[in-house]
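Shared between the two complexes below is chain A, which pairs with chain B and chain C, respectively.
Presenting the complex of A and B:
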């Protein structure tokens, strides 16, 4: 569903739809979107852009622990891991994205990586999950400054 | 020299077994992990820095050859300098930021060389600043080799191609394997340390001139040998080409180890992402000393085989 302009936060050149949460823990840049009793996890526009075209994603865990790695990614500029914003169980892996990781660069907010059943509702309420525009903007501005410094 | 053709026809298991024994008897039980700044690498508790060892292009994104597998794409992520003054200024900034060294590279001329001669004085200045300086030279003649020697570069890296059709069709270059052999000779004659590269599967994923390249390299007695693997890049003519099977890569690495039992053997940066873990794991079994940006699976495998991991932010040939 197309979001209205006011439902999308723009920070620098990056867009952040406000229909989901953003995990700032471990500078993970993972978005979390509710889908029924489960949540979808994906990579935000900041990470998708700064990593460059992804060549590879592999999901490495079935049981997720908040703050722990759940996938490996590789691009021309990155060899790194993705860190989970929630504890819970993976109920589905997006095979289309596994097959063609560039979908993440093309549409970061549609190309989800895993669907997860969180261990409890509290998993979606911790302070490192950001949903308010001001908090997301402040964090991303810090991240842009860090990137420019590098 | 052990007969290369004979080795090539042996089963992979036999080659791996022999290669591993040679590794064990000639080197300490260490796998070196190389993670220079060209990629952000964060794995197994190690994180590299974005300015420790950087790649610099002396031609920006320009390249006269536009090889089929690259099309200039590899230049895009490098820092660009257009003059000696710019290179010296960059060197100063890098020193201030605590960098250890630079890989000076660039696009090729119509003759297949990287135009480094115009940067001789700047490279010498970088060395005086305390930076480690290695170069991608492409094909060199005698004067190019002398210039690199005068600049005091620490090591020269160049792809060696053993098949004329690959040179013409993939590199768009009117040269022969003999020209590559001569380049190695010129560099060795100047006493330069060389780290020739073999690109496995360079001919649209096929194995063509790789073993001839290995023969030429072995004869040149290099300081290190680097094996890289065709990684079809998005937006190039090779996008969609199937990379060579991991077993073929392992076979070449094992034969390289057997023919060069005491030479540092490295698996370099370029590897197709999907097969990366399998290639690295097999290369470890084939006696590789250093792997660039290895996967977690490879690190685990190395430890299971009794190798201690040592991480470095230098290019793999300097580790």
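Presenting the complex of A and C:
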């Protein structure tokens, strides 16, 4: 584990900017970043790498419920789901990413997928949203160990 | 808990799809082997029904289904043995990486082909090939909290019908698509002549047992049947079936082999892209062949810049030329 000057946590080959939170519920690997009263949701580097190149993304919900799917993604003919870390309402979908889903693989922390207005501030305070580098590192190390066992 | 084996024989077209969706929703880890009594078309989650010749399907009474997993459009009939693998996403035996998932759960299928004397191998993303020809296609995805792999062993295949059920840009394209399918897809019938479907199924089950340990024989319980009927309402609803999908820009025949179409007003180009090169080209102006353009394109690397150069030199430059070059080059 290594914490760099620009506050990016590096665990194995994966980077995790510490200016946002990471949702480990349902092993979702979704990041959450504040933007005014809303939050941006995107895919972390671990999921972007393990899923492979994304061919398609579709957002399937306007009203999000924490722990429920809000989008489908397809890579290598495998359709997977993205689970929302917060309950709230989608206020914007990133059309650039919908047009070119591979942006997510190229720059997972720039290529946000949806902008969401959380139902309340408490949505950003639950225990499955990780912000501390130690907690993120411990989770990702578990995930890497699983990959290595494969 | 042991993974269950559902050896279900012949099922109706819709039950052949609903069964693995229901097992996954109920979180029942299983290997399902079965066949369909009826001929039908199955779309991947992101395919559009606009890719189908719906009028033709209606006229022949061929239904279509949109599955909740990936992969492309497939024609399914009684001459195929389906296998569906349903595993919990967080189970120890379930790989996280998609590539590893395919390699692991397709290994029993490869072993089965090899027992039959065929040198099958895995070709990423998820084709199985014999001598470079596709012999099994697969799709996969997450349903509920289970990962599902669904594929089939082709006993035989109706290439003509497959090319007919698709909405394609003209008869020349359709004829080439059928030719390519015959060239690039093979079947047990073609490879072996005679074989026993029962023995193929037994070998497949045995190879899945090598992977999972002994499978626990199971049958459709009332709970599973109820879930299938519940899902039927969703999956056969017009809203689900007609959900818009991605715009198909080309026809994929097998991994690495595509048939593309470009229209520039009077000029139409059909190009087969094979492992990154143009292997077959048909260019016409008002229906008349354009041999000089065909010759320049044939064998060329399928890169946007190279194709754009050729088209610009051969035809008057326009926005359409750029779009045509992009269509022919595909993702390269």
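In the analysis below, the second predicted complex is superposed on the first by the 142 of 150 C-alpha atoms of A that agree within 3 Å, B and C clash if a C-alpha of one lies under 4 Å from a C-alpha of the other, contacts with A are read in each partner's own complex, and residues count from 1 in each chain.
Everything that follows uses one rule, which is that a contact is a pair of C-beta atoms (placed from the backbone, for glycine too) under 8 Å apart; a residue touches a chain by one contact, two chains touch by 3 or more.
Since we're looking at a predicted model, the values are computed, not measured.
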Which superposed partner A:72 touches (first chain B, second chain C, both, neither): both
First (chain B), second (chain C), both or neither touched by A:80: both
Touched partner set for A:56, first chain B, second chain C, both or neither: both
First, second, both or neither for A:143, with chain B first and chain C second: second
Greater residue coverage of chain A in the superposed arrangement, chain B or chain C: C
Intersection of chain A interface sets (partners chain B, chain C): 52, 55-56, 72, 74, 76-81, 150
Residue numbers on chain B that touch chain A, as the complex places them: 35, 38-43, 50-51, 77, 231, 234, 272-274, 276, 293, 295-296
Footprint of chain B on chain A - complex, ascending: 52-53, 55-56, 60, 72, 74, 76-81, 102, 150
Chain C residues within the chain A interface of the complex: 44-46, 68-72, 89-90, 95-102, 104, 124-126, 138-142, 246
Chain C contact footprint on chain A (complex, rising order): 27, 50-52, 55-56, 58, 72, 74-81, 143, 146-147, 150
